[in-house]
Amino acid sequence: MNKTKQMVLALVGVAVLDLVLWILIRIGIIGPYWQIILNESMIYVIGGLGLSIIYGFTGQFSLGHAAFVGIGAYCAGWFAITFSHYGIWASLGSLVVGMVSAGLVGYLIGVPILRLKSDYLGIATLGFNFIVYDGMQNSDKLSSVLGGAQGMTGVPQFQTFEWYFVTAVIVFILVRNLVFSSHGRACTAIRENETAADVVGVSPARTKIMAFTVGCVLAGLGGALYAHNYPYVNPDSFSFLESINYLIIVVLGGLGSMTGTVITAVGWAFLLEVLRMFLSLLGPSFINLRGVLYALILVIVIILRPQGIFGGIEASFLVPHIGRRKSDAAAGS
Amino acid sequence: MPLLEVKNLGINFGGLRAVNKFDLDIQAGEIVAIIGPNGAGKTTVFNMLSGYYLPTDGTIAFKGCTMNGLRPFQVAQRGIARTFQNIRLFPQISVLDNVRIAFHPRVGYNMLDSILRTPRFKAREAELTGRSMNLLAVFGLEDKAEIKASGLPYGAQRRLEIARAMAVQPDLLLLDEPAAGMNPSEVQQLVELVRFVKEKFDVTVLLIEHQMGLVMNLCERLIVMDFGEIIASGLPQEVRDNPKVLEAYLGRGAVA
Amino acid sequence: MVTFFQQVVNGLQLGLVYALIALGYTMVYGIVKLINFAHGDVFMVGAFMGYIGYTFIKLPWPVALVMALLTCAVIGVINERLVYRPLRYAAKISALISAIGASFFIEYFTSLNFVFTPNYISFTPPIKEITWIVGGVRITDIQVVILVTVAAFLALLQLLIFRTKLGLAMRTVSFDHDAARLMGVDVDKTISFTFFVGSGLAGIGGVLFGFAYPQIWTFMGVMTGLKAFIAAVLGGIGILPGAVLGALIMGQVEILTSAYISSQARDAIAFAILIIVLLIRPSGILGRNEPEKI
């Protein structure tokens, strides 16, 4: 089956999936609680793709991703509340605000920090996560809207799944386009061998900063959506433990695989809920086993598949077709 | 005007003077080799020429412009390409992508074009893909275009590294021990390849090598280094019989 | 001024405990280049062992200390065998994820009702609070105990690393596994032993921490472990004196920030200091910058 047909089929499949879910939600088989979880899975897809660009594709070990999700959430939430008299435009605007704020902070932090090598970069980003967390706890000193340690309430809520789904699909397509372009190749070159990338004319600093900024923009978008999915925005949702969740999603999914990130993000969002449901069937005292089972699953999966579930694998309809014939226009370079 | 003008180049690493008073002029179209025992400072010179090390003394001028202090990616963008002693490919990405990446500085479209797949993106991407495939064909790698670079046999990996260097569209090509690990027949193929590359792409070549077979057959001029300094230079025949050179390689007293 | 010295002494107490944990991180990192995420949880187990030994089994506290040491040392070894060894030569990030899983496992398993329960547990520590006033500064006997215990174990560790064959093996393996094997070193046993020692030290740290701040909880290892890890990095990861130095600094920073700025800001400030140090000295204070050979 040729590439175009594959891609069309994939898009049709996506549309059908959305339709099916829409029907299930309208009928009531998927209740409001599960709709929130579905939305959450889309948020993890978007945020996960952001970390995937930073770490999976460019090799920059960031342990502070949740901080940028949080920055997006708070800035978007603040904007949506403050301009709520503009209705839906305020919320749409807040998505942009979330992206820009997270991206800007990502850029400013990235410039000094991305000079650090792998493990140390992780530690520095982890530190940044803490600093931001501390800031969120004290955010009421900046503006009472932000709520401080109690969290921010009052963001207009949009829990229609279609919005989240469509946003995630669009983000996915755009990320895929970026990955399979010269800019994407620059990122993977840096990941594979920074010294060699340097010597073929790819600036390591510029590439890393670009990737980091784009990744943070996506984190900010995820955060902005988060603010509209939950009645309150709480600092604890953006702690370093949450950054570790994003890391788990990206690594378990397979570094450098967008397919892996997406599937693992959705799976992960549902895993804990499914575990909870399953365990509560066994009896009330079994619910506490949820964490233990989750930990066991994590360890077993990574030992059995160290490269991640989809490590090195990308859905074939995503990869662009390469013309195999030599171009007729003669001379090489 | 010489293509490359290096004057009084020197570098200190802490207390160690690794390279001292290194002069070199290369005219466009030459094939020159730097030879010398291990530890003589040859790769250090390359590292300075390609921008990894900042020289402590001396100047490097390329096409008339000073290169001191430029970063490696800037050096590449000015027209100097380089390969490494231990091959540095991008192992987990395809052979084709290894070459396509070298077109990035001159890619002709921006990130927005990439994300939105504009006509400009499609046109430029097709063009650079075509040119990359042609380059792979020149080096006999086109049927391996889509496999991972780490899957190539050693000799093919070396050729890929040179192909990638050529994709930088350099005026000067620095080859660091390109024949390392090759048997005599492979070395002969390499000699022909380098000669072919020089003719076809009109590029000047400076190489570091230990294999005398390659050097004698290929190079018009030799520079011999020992302990960080040039001890001899000239035509291959002259240098081969120079007593200082023999002493550097074989040790004092080995010269009859 | 007296209050300042008081805080310094308090900071020293905390720093010494961090030192015990930080040493474990740095030893493991030095030998297998792994950030042992579960180390903080071993510390937590130590605290609980100390509590259980003293409060339930009614052991004299030094015996409880030894019990904790051995339990934690064994847990460390089991951890290494089951969770880290399969991934020892795989990608570092995979080993890190496994370590994270191990950490979660220990936390959630011990939180189960039939183990330690998820509750905060307060208890009366064994060491009677005798205090001395030296130059206006209050020094408690628990602080003296901590100082003496940590100093003693540091001295033992020095002896082990630099005067014994095992210590030599540890140093060798931390340079190059294959070369060590070729020299006849049993790499697997050496690594297991390193985990044994490192986790044992964390266990002691846990007991002392519990006795000094007697409110323990199954998730107490998360933050404390993280801070000890920061300490190890601050001083230069993989370098033993660096771990101690970093830990003492972290202890001081934490206590002084709590006292003079706000206790909320202390983590943020500790991290801010770390980031600044890393930007100036990318390999930590005592770290050696190994430039890449091109």
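Each chain gets a letter, A, B and C, in the order it is written, and its residues are counted from 1.
Following the convention adopted for this analysis, a residue touches a chain if its C-beta (ideal position, glycine included) is under 8 Å from a C-beta of that chain, and two chains touch if they have at least 3 such contacts.
Nothing here was measured: the structure is a model prediction, and the numbers come from that model.
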Report summary line: The chains touching both chain A and chain C are B
Query raised in the report: Hey, which pair has more contacts between C-betas, A-B or B-C?
Result: A-B
**Report entry** Between chain C and chain A, distance of the C-alpha-averaged centres to the nearest whole Å
**Finding:** 33
Requested in this report: Determine the centre-to-centre distance between chain A and chain B, using the mean Cα coordinates as centres, and give it in whole Å.
Outcome: 41
Query raised in the report: Per the centroid of Cα atoms for each chain, what is the distance between chain B and chain C, given in Å?
Result: 49
Report task. Enumerate the residues of chain A that touch no fewer than two other chains. Result -> 195
Requested in this report: Could you list which residues of chain C touch at least two other chains?
Outcome: 294
Query raised in the report: By residue number and range, which residues of chain B touch two or more other chains?
Result: 52, 84
Requested in this report: Would you mind writing out the residues of chain B in touch with chain A in their complex?
Outcome: 50-52, 71-73, 75-77, 81-82, 84, 88-93, 96-97, 100-105, 107, 109, 111, 114-117, 121, 125-131, 133-135, 137-138, 142, 145-146, 164-169, 200-201
Query - Of all residues in chain C, those that touch chain B in their complex - result: 294
**Report entry** Of chain A, residues touching chain B in the complex
**Finding:** 174, 177-178, 181-186, 188-189, 192-193, 195-204, 210, 256, 312, 322-324, 326-327, 329, 331-333
Report task. Name, in rising order, each residue of chain A that touches chain C in their complex. Result -> 61, 112-113, 115-117, 119-120, 123-124, 126-128, 130-131, 133-135, 137-138, 195, 240, 244, 247-248, 251-252, 255, 285, 288-292, 294-296, 298-299, 302-303, 306-308
Query raised in the report: Across the complex, what residues on chain B touch chain C?
Result: 43, 47, 52, 84
